[in-house]
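Here the chain labels run A, B, C and D in written order, and each chain numbers its own residues starting at 1.
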Amino acid sequence: MTTRVAILGGTGYTALELLRILLRHPQATISAVTSRTETGAVGDVHPSLRGRLDLRLENLSPSQLADRADVVFCCLPHVASMEVVPQLLDAGLQVIDLSADYRLRDPAVYEAWYGHAHTDATRLASTVYGLPELFADRIPGQSLIANPGCYTSTSILALAPLLKERLIEPGGIIIDAKSGVSGAGRTPKLNILFSECNEALSAYSVGNHRHTPEIEQVLSDATGQAVDVIFTPHLIPMDRGIFATIYASPRGKPDPKTLLEAMRRFYEGRPFVRVIESLPTTKAVSGTNYCDLTVRVVKGRVLVLAVLDNLIKGASGVAVQNFNLLRGYPETSGLIV
Amino acid sequence: MTTRVAILGGTGYTALELLRILLRHPQATISAVTSRTETGAVGDVHPSLRGRLDLRLENLSPSQLADRADVVFCCLPHVASMEVVPQLLDAGLQVIDLSADYRLRDPAVYEAWYGHAHTDATRLASTVYGLPELFADRIPGQSLIANPGCYTSTSILALAPLLKERLIEPGGIIIDAKSGVSGAGRTPKLNILFSECNEALSAYSVGNHRHTPEIEQVLSDATGQAVDVIFTPHLIPMDRGIFATIYASPRGKPDPKTLLEAMRRFYEGRPFVRVIESLPTTKAVSGTNYCDLTVRVVKGRVLVLAVLDNLIKGASGVAVQNFNLLRGYPETSGLIV
Amino acid sequence: MTTRVAILGGTGYTALELLRILLRHPQATISAVTSRTETGAVGDVHPSLRGRLDLRLENLSPSQLADRADVVFCCLPHVASMEVVPQLLDAGLQVIDLSADYRLRDPAVYEAWYGHAHTDATRLASTVYGLPELFADRIPGQSLIANPGCYTSTSILALAPLLKERLIEPGGIIIDAKSGVSGAGRTPKLNILFSECNEALSAYSVGNHRHTPEIEQVLSDATGQAVDVIFTPHLIPMDRGIFATIYASPRGKPDPKTLLEAMRRFYEGRPFVRVIESLPTTKAVSGTNYCDLTVRVVKGRVLVLAVLDNLIKGASGVAVQNFNLLRGYPETSGLIV
Amino acid sequence: MTTRVAILGGTGYTALELLRILLRHPQATISAVTSRTETGAVGDVHPSLRGRLDLRLENLSPSQLADRADVVFCCLPHVASMEVVPQLLDAGLQVIDLSADYRLRDPAVYEAWYGHAHTDATRLASTVYGLPELFADRIPGQSLIANPGCYTSTSILALAPLLKERLIEPGGIIIDAKSGVSGAGRTPKLNILFSECNEALSAYSVGNHRHTPEIEQVLSDATGQAVDVIFTPHLIPMDRGIFATIYASPRGKPDPKTLLEAMRRFYEGRPFVRVIESLPTTKAVSGTNYCDLTVRVVKGRVLVLAVLDNLIKGASGVAVQNFNLLRGYPETSGLIV
């Protein structure tokens, strides 16, 4: 028996990746794809899907969605998401929200970083943060999952094991992160034009990127200490992939073997995190739901290097991983190709 | 004594290249850069020019421009160009127009391909087409030069020698052209986003690209026969460069050596066309005002292969070449780096 | 009951793609991966496969392979392939050969284009050319399949329907083809360095590319007429994908609708060819086993535009398609993701 | 009166950039280009230079070079360089050495990091390190200049002003550096193939890159304190450019304005360092001899962001800047385009 799933906001890159994964998912049936602006066949908007599914983009109300689907993947931008999610929940749908709207527990923090008062603030404290490697046991049966940000997942997966085992200091952590351009979305803007990005490398949102409070909140909650990070994102002339180079201060004399073993212990049995000894590369995880991690000690400092595909493990892949846990399916369903 | 030059429409890629060339031009002084929408320092819009010139973008009238400059490079889009060029000429300025507005001699052809009635049609017949390799003698002292299109220059430079010497048939010529993305401009559009272009190759405007009538008109005029081409442009995941692979039917039995010699004869003494024996590559002309050409005979068919940098020899470089001829400066001034 | 498969020559890009596909193939079990030079874990040579299979590269003899596998995918270069294939067949293995060694029927043609006398010439005439869209009925139960070249498949799939229905002339066909760099393999050479290919576009092997006789042989055989093509390959700064722009002369007055219908008829029920109305893009087939095709009429000439992923539909995907037909599995097994 | 210059080792990317710059240099005449392996015309090895200079690659002895040239730019790899430099100097030539062989003062440090005993160790202590922004006054009239490494220049230019004014701590500085692929040279290797680098991001030489001791030595010497850095290089899918993101601990409470002013003071009158307020991008310095710098304070930490073109300001441009100072020419000769 399969679950009927709908994609809310079907024109962007995360929606495309969701469609690709769900098409091969043995327990999911895509029943609707929505758009407020486009009405064509899904295969016209996403030519790679031609001949793969016979659906058109539709502008559907929450109740129409509830007639068609059991679970909704919400790919709307922030603010738009919190306007519709309460209605979807009221209509009886389970929702996996890929926006930032339900990730921060504190509405004041949300307002400070996103510039909007939160209109569904009462739900924030109880919403489960959908990072299965940390919170798998809280996900089954939830009605709403806040799907993590891409930089966030990379950073948290890299740091959680060492923070949890108190092997590094929780303060002054530096996360130098690099991302492919697809993370910036599919809405035309000057800074993501080919001729601007190609043969170009730049930093952006230095000291004020919105994933900062998300990283700090989740790592603090998960490891029981006040985690504080400096987060510097860079735009890289490639389509897919995130690379995080993380610098932390050790507690006591750091030993590479101990650090690696802590990572391995933490992720034992987790199907999508590969703790490796060689240096990671985004190419090895491109198009997959894997996060590859390793650790080094340089001049007494702990370096963690982490990679994942921003659209898969950083967005749509983890969304399906959450879906699997939510519905009681094998965690890897649809996700290993 | 230098010439004062102004750039009309200074925010795009052709304007940036013009500024780079003119900054090193010993006989030119940049006196104004205009924009209808932006007002910042030129170095803020084009960060590579920081510290190179002390000008702000200004919204200037034709008479203001005439107070400041002798020659105007008009980098406005088509239609916008023909609205302002008559005023610039009336104000006594010499104009090199990089748009398509003054390239076609027949206003009906213009209207058919550009979808706008030409509002300055009487000037079309007498405007000189600024391809110096063919029309150098007509350029000096003109008040208006129609700067050629990038695909057009590539195609014309490749074909003119063989057509002129009647070595190939003027009909049924196939021009399979490939261009970097910068040719599409700097206005944000979905199809030129990095994540759309990277790792992607597509054809566009098959059978109906606007450079087709321009190629045919100029080659017909220059060689005294009705030239007819099939022109197929492709978008290539690179920033700069055009590659044209051209297939023509020979008149009589084609001999590679004869064909190459015809090319060499035609371009003898021309500083910016290099007739070569090996196969050309866009990389060898990137950032330069050169056009590299060669010819092959395959199964009795004549193949011409031509490359140039779409923003330099295909736009701003040839514009300065026209400027040099217009003003009596050495043709290569500012153009050899 | 699954089939045990081995990869002969496991370090290249086609081997990597084969491994990816076979890992998800429900009826295949990868039992060996060989290399004459490397001995590490497969996951060390191909980091994307870490944790996916527990095999090392081994230098295995044909008889050792026969103990381990039922079917061998031979990913050796030409010449190396024909040296080992007879031994593999003698050992009782079924072989899908991805090299060029068994594609041409005439040993003299092989020698002329590949510069080596064929050492297994008697087998050439009877070997089945593994392009399932044309020869699906000949493949089941064969012991040796010659897997097609990437440019070849693109060209044949584009032209076969129109040639078969006598809608285009078989002579003077121009195939202007563009390929990503991965088609050139994984052996370090100057011309495929990043800094040589990036921001560069060039033609190569003009008039003498080895896929030319293969295209002509297969199209001539399949459509019963002497097909003659001019084939011009270009190297594009992208990793994956082939785009072929094909120019043919119509027989009689060409009608776009008739041409498109002929294509649709030819590929009706074929799961991996999508006849589309819009212009194709390599991005839509990247990572898939699809070939997207369309047709246009421009100035009385027939243009066919075709795309596929050179490593999948152009190599490893079609190899698995052949495997499926050979072993009686569903044609799409392992191939739709 | 011009200076005759020779390029020793003319086939690589730094040699190509030197040739480009020297061709437009008003006080230099290129008199020889050498290679131990190739003998063709320079324009055949470097197609972009076709028609620009009439020289062939030659295998010349030091005395032959001394007959032809006054100054030699040595573009040989390390070890090869120290074998020939003493002979060049003995022959009376002035040498600008682009290799690493004369950059480190201590032969033991050289041996530890490069794995070779230094064969010209007595010259190390007295050789001037050719970073004009720090050592312009020592360069005129020297016989040997050690041209800096690309990562090194970026890091030193970024840090020297703040270290000199004691605004940051000299220990525990983190340099997270990102480089285009051309920095890895033109010798074919697997890791710099297009299909390996494209759509890929990786770190390499973590904790053991050879530019580390060079950065530390020069910054320590120049600022009179023991500077200690963690240096992490990354390979970016672009041809040109280095981006360094540097994290340092402030001395006292850091003030962005004070930091920026220290930078501006340090580089006042220096033509090739641009201290900017916005975030830098490699694109703005690509193809130029500029280094763009800025500084930020994030959570009490000092971030310096620096960019330059690895082949120009990071190699061949600074080499010509050294040449200009050596010979008493204007520092910017040939370098501003």
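Note that contacts are C-beta pairs under 8 Å (C-beta built on N, C-alpha and C of every residue); 3 or more make two chains touch, one makes a residue touch a chain.
Being a predicted model, the structure only gives us computed values, none of them experimental.
**Student:** Since subunit B and subunit D are copies that touch, is their contact same (over half of the numbers shared) or different (under half)?
**Tutor:** Same: most residue numbers at the subunit B-subunit D interface appear in both copies.
**Student:** With centres defined as the mean of C-alpha atoms, identify the chain lying farthest from subunit D.
**Tutor:** With centres defined by C-alpha atoms, farthest from subunit D sits C.
**Student:** So using the touch definition from the top, which pair is joined by more C-beta contacts, A-C or A-D?
**Tutor:** Higher contact count goes to A-D.
**Student:** In angstrom, rounded to a whole number, how far apart do the mean CA points of subunit A and subunit D lie?
**Tutor:** 40
**Student:** Centroid from C-alpha atoms only, then distance subunit A to subunit C, rounded to Å. What do you get?
**Tutor:** Computed from C-alpha means, the inter-chain centre distance equals 36 Å.
**Student:** So which bits of subunit B are touching at least two other chains?
**Tutor:** In subunit B, residues 196, 198-199, 237-239, 281, 283, 286 touch at least two other chains, as defined above.
**Student:** What residues of subunit D sit close enough to touch subunit A in their complex?
**Tutor:** Those residues of subunit D that touch subunit A are 172, 174, 176, 178, 180, 196, 198-204, 206-207, 228, 230, 232, 234, 236-241, 243, 245, 247, 279-283, 286, 296-299, 301, 303, 305, 307.
**Student:** If we count contacts the way the header does, which residues on subunit A are in touch with subunit B in the complex?
**Tutor:** Result: residues 13, 180-182, 186, 188-190, 192-199, 237-239 of subunit A touch subunit B.
**Student:** Taking the touch rule as given, give the residues of subunit C at its contact with subunit A in the complex, in rising order.
**Tutor:** 20, 24, 44, 47-48, 50-51, 198-199, 274, 276, 278, 281, 283-288, 290, 292, 336-337
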